[in-house]
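Listed after this line are the structures, all set down as structure tokens.
In the two complexes that follow, subunit A is the common piece, with subunit B as its partner first and subunit C second.
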Partner chain A sequence: MKKCYINGTGCVSSQKTINTAFLQDIIVNENENVLELSVPDYKEVIPPAAARRMAKGVKNGIVASHWAMKEAGVHNLDAIITGTGMGCCIDSEKFLKALIDNKEEFLTPTSFIQSTHNTVGGQIALGLECKAYNFTYVNGAVSFESSLIDAKMQLDEEEAATILVGGVEENAEATTNFLQLTGIIKPKEQSSYSVLDSDTTGAVFSEGAVFFVLEDDKKETTYAELNDVTIYNTLEKEEVEAKLESFLKGNGLSVNDIDAVVLGYNGDTLYDGYYTILADGVLKNTQQLYYKHLSGEFNTASAFGLWVASHVVKLQEAPEVLSVNDVKAAGYKNILLYNQYRGKDHSFTLVSQC
Partner chain B sequence: MEALKQELKEKIIDVLNLEDIAVEDVNDNDPLFGDGLGLDSIDALELIVMLDKDYGIKLADPKEGKAIFQSIETMAKYISENRTK
Partner chain C sequence: MSRGVAITGMGIISSIGNSVEENFNALIQSKPGITVIENITTVHKNVIKVGEIKKTNGQLAAELGLAADNNYSRTAMLGAIAAKQAVNNAGITDINEFNTGLISATSVGGMDMTERFFYDYAESDEHRRYILSHDAGDVAHKIADQLGLKGLVTTISTACSSAANAIMLGARLIKNGKLDRVIVGGTDALSKFTINGFKTLMILSDTYNTPFDNDRKGLNLGEAAAFLVLESDAVVKQQNKKVLAYLSGYGNANDAYHQTASSENGDGAFLSMEKAFKISGLAPSDIDYINAHGTATPNNDLSEGRAIIRAFGNNVPEFSSTKPFTGHTLAAAAAIEAVYSVLALQNGVVYPNLNFKTPMEEFDIVPQTELKEKEINHVLSNSFGFGGNCSTLLFSKS
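Let's look at the complex of A and B:
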């Protein structure tokens, strides 16, 4: 069975994560509940004629995949696998608005064509003229992990050697307003923005695109080995600890072998308890890191978490801004990620130094 | 006629998201497709819908489009002769 190495990464987020050293220019935003995207230079990567029909999610996906492939020194892919929970919201909204405004007449093709969830993967393939396996997973907050599992299985079974895999989400005005109205995002006027110290419900939200080149060979650019990924659609808080231990046992590890855990705290007091039950329990003596105060929450925010974990393993350094507790690991051999969204779509991901 | 040409240039740039092109860059006789503005078949569909929505012109024969959408000049002439709104 082949191994799975993370050989390149590209990240477009609410932080400056393109063309900078790891978390060098970060801003911890405590003034907004919807973090603004740090817009990359699209023209550097996408020809203007092609970009004119693309909403920002598609452009972000292309930019992130470009940098991941460039870093890994890869030109040909055996598969492109994309995860997205909400897909191309902006064009979906545009199309639906035109449908209503024009009383179901005068519908133009562009926003319809660009509104499907697989637009990102399709446009990446078109730009690369890549006719390989191309699949998009739309599985809520485990869309990215579903993509990882697919990629890992293909590498394990030697069906592919070089795979581009990533997660993309874009915010659209009406959808964001609905999420705010329903309390999924913290309300605009609510001033408790700090993710860890939050005493209110709703998440600090954002958007982004993170892509990885996964290969069966280790090379100079390798960040880490992706050991395992597992998902659970529903779990009770009381079940999480046992599932975590079972996941580690399946990989021949125990909690003591984990140097750091990356937790998906998003500031929502209704559901952050899933993390604290581990943080105050079985992982109490393990270094704990978090990232959604930097990336914001979105269906594929865990891809940003994997981007963080990959860098920590590669650089053997965890910037203070990521720290949840005071425990410090001597080194970072094994890093565990745990994420869930609103008490559903739980995932455990294990990466290790190689 | 001049006002209509100006209006068409503005609408085409807006509807087709031609971000790097200004109204001044589009000459009345420049080809819209191919070597000129470089529009394609999806843009043609957008223009057909625009004729219907904004000027009340329904193209019964899509083949007519080739002559009508040759340039701003030909579009403006066709619209001024056939518009219902």
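Let's look at the complex of A and C:
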């Protein structure tokens, strides 16, 4: 069975994460309930005429995938696999509003065409003239992990050697308003929005696109080996520890072998207990890191988490801004990621130094 | 050569029936389900025909025993009904007895509710519970809840090939040993969003759809859900399960030609068929029936027909599209057609391609227009979607 290596990454997020050293230019913003995107230079990657027709998510996906492929030095892909929980919201809303406002008359197809969930994956393929396998996963907070599972399975089985895999979400006006109405996004007038010191429900949201090149060969640009990914639709808090241990056991590891854990804390007091039950329990003596204070929450924010973990393994360094507790690992061989969203869509991901 | 992955259960709800049996009877009796739309108020009511399930949301909710304040989209209810049938049909009594997953597929998700309450949400909190049922993943969560399933649950959305890809992923997870059992399929409800979307693309027929006909005018949209149960050989053996058929091959490729249109020569379609043959170890000459994508749009049928000729040469087996019966049910299409393919194997029938009159001038293959009984050992089923997404599934007799 072949192994699976992370050989290139590209990240568009609310932080400056393109063309800069790892977390060199970060800003911890605790004053907004929706973090603004740090807009990358689209011109570098997409001809302006084409970019004008594309929604934000499509552009960000193309930019992130471009940098990931460039870093890994690959031009041909055996598969393109995209995760997006909410899909192309901007075009969906545009078409839906026009439909309602104009009572189903005078509509044009462009926004409908672009509203399809697989637009990002389709546009990447179109741009690369890539006729390979092309899947899009759309299952909330495991959309990205589903993509990883699929990609890893193809590399393991030697069905593919080079795969582009990523997660992308875009904020759209109405969807953001709806999520505020339901309290899933914290109310506007509530700052400061500290993730770890939160005493309120809901989360600070944002958007982004994070892509990875996964290959069956180790090379100079390799960040880490992707060892395993697993997902559960629902877990009780009491079940998490046992599931974690069985996941590690399946990889011949125990909690003591984990040098650092990357937790998906988002400041929602209703659900952050899933993390604290591990952080105060079985992972008490393990170095704990978090990232959603940098990236914001969104369905594929965990791709930003993997981007962070990949860098920590590669650089053998975890910047202080990521720290949850005071434990410091001597080195970073094995890093575990755990994420869930409102008690659903749990995922464990394991990466290691190679 | 392995036989493939065992299919041990099926469930379906479509405009031609609320069960596997009802669907089969409609197919062999040539009873289509294309009508005037009743459940959705739309200005296009008199100019389009659809494959609509003649049950209101209230009736569907009652069937599932949902509370009055539930937040199920129509898509989720249809999916739950079909998935429950499939699980029952497979004789599963304890859903979590084995490592069981659910792979769903949808294109619209909860759009049917979002389009009703879009402006209402800001005004009152009466319907706000549906905000959380908009995203595609909510549909899979609802189905998993209805089944009591805990484990690997995910959703694929690649437009009109979605369910084929869900079935494909499920088979791979079984082969890979990641799951012992998986419920796979897709669900899509009719919505104003899709009706108007396809209307703007000018590919909706104003009458009954006529796949592979020279004068075809476009598609009829439909709504449906279907799920299949796939089980590992070990589970089949241990429980002495009846195998309905095997999923023997699958392939996905991208046309990489245009966001919505298919390439003239059907490159993506040809590649997906080629991959499916390779995985199965079958040759084109082994195929006894092709259940075509056959949407009856000018573009699809030409592109698919050419791809079929490229793949099969001068020996194209009987083929037909069942879309004149059900309409194009988008993300559910490949799942309902998977059920029809299994039924074709079990009963030895080729379904008629209804409404066909005039052969296409571009090539000389014509679909099977009458019900035909014959021994069928292998069926090929195509499904293609926006974004150039092309998928092929192969089903073989158990």
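The definition used in the following text is that the second predicted complex is superposed on the first by the 353 of 354 C-alpha atoms of A that agree within 3 Å, B and C clash if a C-alpha of one lies under 4 Å from a C-alpha of the other, contacts with A are read in each partner's own complex, and residues count from 1 in each chain.
Criterion: a residue touches a chain if its C-beta (ideal position, glycine included) is under 8 Å from a C-beta of that chain, and two chains touch if they have at least 3 such contacts.
This structure is a prediction, so every number in the text was calculated from the model and none was measured.
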Putting subunit B and subunit C on the same copy of subunit A, do they fit or clash?
-> fit
So, does A:V327 touch the first partner subunit B, the second partner subunit C, both, or neither?
-> neither
Subunit B or subunit C: which reaches more residues on subunit A?
-> C
May I ask you to decide whether A:I231 touches subunit B, subunit C, both, or neither, giving the answer as first, second, both or neither?
-> second
Which partner does A:I113 contact after superposing on A: first (subunit B), second (subunit C), both, neither?
-> both
Would you sort A:L315 into first (subunit B), second (subunit C), both or neither based on which partner it touches?
-> neither
Looking at the overlay, does A:R53 come into contact with subunit B only (first), subunit C only (second), both, or neither?
-> first
Based on the superposed arrangement, let me know which partner A:F135 touches: subunit B (first), subunit C (second), both, or neither?
-> second
Touching partner for A:D345 - first (subunit B), second (subunit C), both, neither = second
Smallest separation in Å between any Cα of subunit B and any Cα of subunit C in the superposed model?
-> 9
Overlapping contact positions on subunit A, where the subunit C interface meets the subunit B interface | 105, 107-109, 113
Subunit B to subunit A touching residues, read off their complex = 15-20, 38, 42, 45-46, 49, 52-53
Okay, in this complex, where on subunit A does subunit B touch?
-> 48-49, 51-53, 102, 105-110, 113
Give every residue of subunit C touching subunit A within the complex, in rising order.
-> 42-44, 102, 106-107, 109, 111, 114-115, 118-119, 121-122, 125, 128, 131-132, 134-138, 140-141, 144, 149-159, 165, 169, 172-173, 176, 178, 192-193, 196-197, 199-201, 252-260, 267-268, 271, 385-389
Parts of subunit A lying in touch with subunit C, wherever the complex brings them together | 80, 85-87, 92, 95-97, 99-100, 103-105, 107-109, 112-119, 121-123, 125-126, 128-140, 142-143, 146, 149-150, 153, 156-157, 174-175, 177-179, 181-182, 184, 230-235, 299, 344-345
